[in-house]
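Reviewing the structure listed below.
First chain written, first letter: the chains are A, B, C and D, and each begins at residue 1.
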């Protein structure tokens, strides 16, 4: 699928869709519509979730789903206010997301409901519970 | 099974590729980046190398304003040699940097 | 009665520390649990505290083997954030640098796989032929592994005309030995006995678990960033993506060896079509507010860098997703059902690069307790 | 009195400890040098084995806490002693071995199994999981190659007029040519060479010591002098198994007189043993290691069948 087809497909579920360069689409969505968006993508035989990126933007946490669609890369952005960091797991849609969601949980403190085994992935066992390394306020 | 037999028997009569390292040495290509060497006279003390070194391995001597490279941190990336206006720092061919005292491993 | 067989973190089969807890009934594997994080160095956090020029060198050190591809991915992301176009000649130099690295990385992996199945002679001979690729990198770019083919805004070292004959001779040598090893691996009965039908990853599993690189291509998934999302000069070079069907360890060996043949072909085309001209464009000190994704086909698969800049000379957030990280979930379907003897070869078959996957700080082995060293302490240790 | 002195000398010096371990270590050294050149590299000097063993003797003697110390400590000595006993039973210098007994072929086959049993005991006693798995694999492999080895040995004994004495076998071969060239016994010769490769844990069958899976199998916990004794025992086993194959199939120690110079039987015997070791090295360098189930399946089909055929041919014809 080339860039325009992906943009047209995602328009229904996201706003502020912009095409960057020859092969990348950025789109912002919200908590209600992101599950249908991902299911729609999977039904169009786009099964490859490259990764899930988490970024601490100061007042909110931005989660980006990077999905490889043949000739283009879709970056689906999801903004979560720091007050309720609760999202639904996508492992039923993309089974490959198991490790990425565990990484998200331990590095940024986002709670993923329904994750098969929400254990720690990288950090050592006695890492203090409340401290999330990639948060802005954790300097060194 | 004997698919590798010809290979193995041929190797018996060919000269081994390995070299007895400390005694014989391999010849290094000319843009090989070894230990950076500082040629003190030509240095004008501009401090560009200090700014550009990714590891912060280069410090300017207080009195003489000449660069001193601490080999404990230097990763021989060659940026200092590239950015120096007077070509004071050049990358030598020397790569055997084992020392007993890491803190004395200065490249003056 | 099942009992837990601990493999790692220190184990001769694993060249880097990871820990498998394998549930075993007799010799048959029942369950697999994986504990990563022993070589995690907090690189993503460290990158946000360094300027782009210094961060470039840190991105090279994420993986010990595939560092040209890491620096290329970082450069690709940062250049699209800063809006810098790298000159044509530099794009070809980057292709040559990346492909030479793919050749030496695949030969290194094939040697380790041969060692896992106990074929020491094949291991030694494979690594002997790998020297051709490493010598070329040393000749062209200065260092065997940390080459300077790519830098922010272009390339740091130009390829002189007088090295080309040596390069073509080495490529011919590599091509001959790659063909020979494909023939050996597909016809030697002991290798076939140990590799075919072992650690099978079906195409459905590979697509679902988002496997990448040769691991996925060995199961028939036709996915290669050099063709799907071409970067550097790959759009002007003709090559075809190598895939196999049956997804077992033998298919993974053959896919990688055939990719070496492709890489040799790519370098030859790159040398011929290389235009004259400058090799580096100016890279601005401060980068405007922007975000971008840089993707590259590393020897082990799709490598992704996500960079977000905030106007200063330091990136605000860098996300590194390495190929081995994506291949870890597919270890489970491959191992379950096999026997203990297959663990090393199956684990090695996805060519895991643990230091790529982990980025946590040091575990203090003496006391067994994990202690997080702050960067200041790290620096203190070095001084 | 002279009798006992002769036995003491025979046990400690000539075919005994000094000679056997020197020859064993030398064979292993040459084997490593040839392997090096076959892998297109220089390889260690021939006397490398002496240096390794010497170094190990200087190391500290450690017994792991989890290990059952009695079995763990005496296993290497037991296997070393058994191998020296086999050396004394073999006709090395002349057709007459040092210790003669009626059915010494059976005694040899039994004694050659003691090092294997000791290795298994050591593996279980060392208390480390790798040792346990290594030993269980060793047991399985023992059943594999032992069958072929014994059938081939009995085929030879049958051919030499149903006598189990080695000296009579050597005498029989002195008259009508080497056993290996008898048509009926060629399959047995091939079978015993494959079984020897399994008995010596050489690469296609070095599953109990698969370093990429179970570190060093039963020997994982050994270090220092105990490991040195195990290494010497292994090297002597290399020489001894080759010697048994030579005695059974390739004529044993036959003194020659070439150009008027009288060459004692030992020299010819050593050269033939060396030939077998080189053959084993070549096999070691052109094959990958099989899995334990594949090895067992292979042993019970191919070599056992060959040995059975030659036994049948000898019995019937």
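One rule holds in what follows: contacts are C-beta pairs under 8 Å (C-beta built on N, C-alpha and C of every residue); 3 or more make two chains touch, one makes a residue touch a chain.
Owing to the predicted nature of the structure, the values given are computational and were not obtained by experimental measurement.
Greatest centre-to-centre distance from chain C is found for D, with centres as Cα means.
Chain C and chain D, compared by their mean Cα positions, are separated by 45 Å.
A straight line joining the Cα centres of chain A and chain C is 24 Å long. With centres set at the average Cα position, the gap from chain B to chain D is 51 Å. Contact with two or more other chains is made by residues 38-41, 285-287 of chain D. Residues of chain B in contact with at least two other chains: 1, 3-4, 8, 11, 17.
Shown are all chain pairs that touch, namely A-C, B-C, B-D, C-D. Those residues of chain B lying in contact with chain C across their complex are 1, 3-4, 7-8, 11, 17, 28-29, 31-33, 52, 54-55, 72-73, 75-78, 82, 91, 103.
Only residues 34, 36-43, 282, 285-287 of chain D touch chain B when the two sit together in their complex. Per the touch definition, chain D reaches chain C in the complex via residues 35, 38-41, 129, 133, 203-204, 206-207, 210-213, 215, 285-294. Residues of chain C touching chain B in their complex: 50, 53-54, 56-58, 121-122, 125, 128, 131, 138-139, 141-143, 146, 148, 156-157, 180, 183-184, 187-190, 382-383. Within the complex formed with chain C, the chain A residues making contact are 20-21, 23-24, 26, 47-51, 53-56, 64, 66, 68, 70-73, 75, 94-100, 120-127, 133-134, 140.
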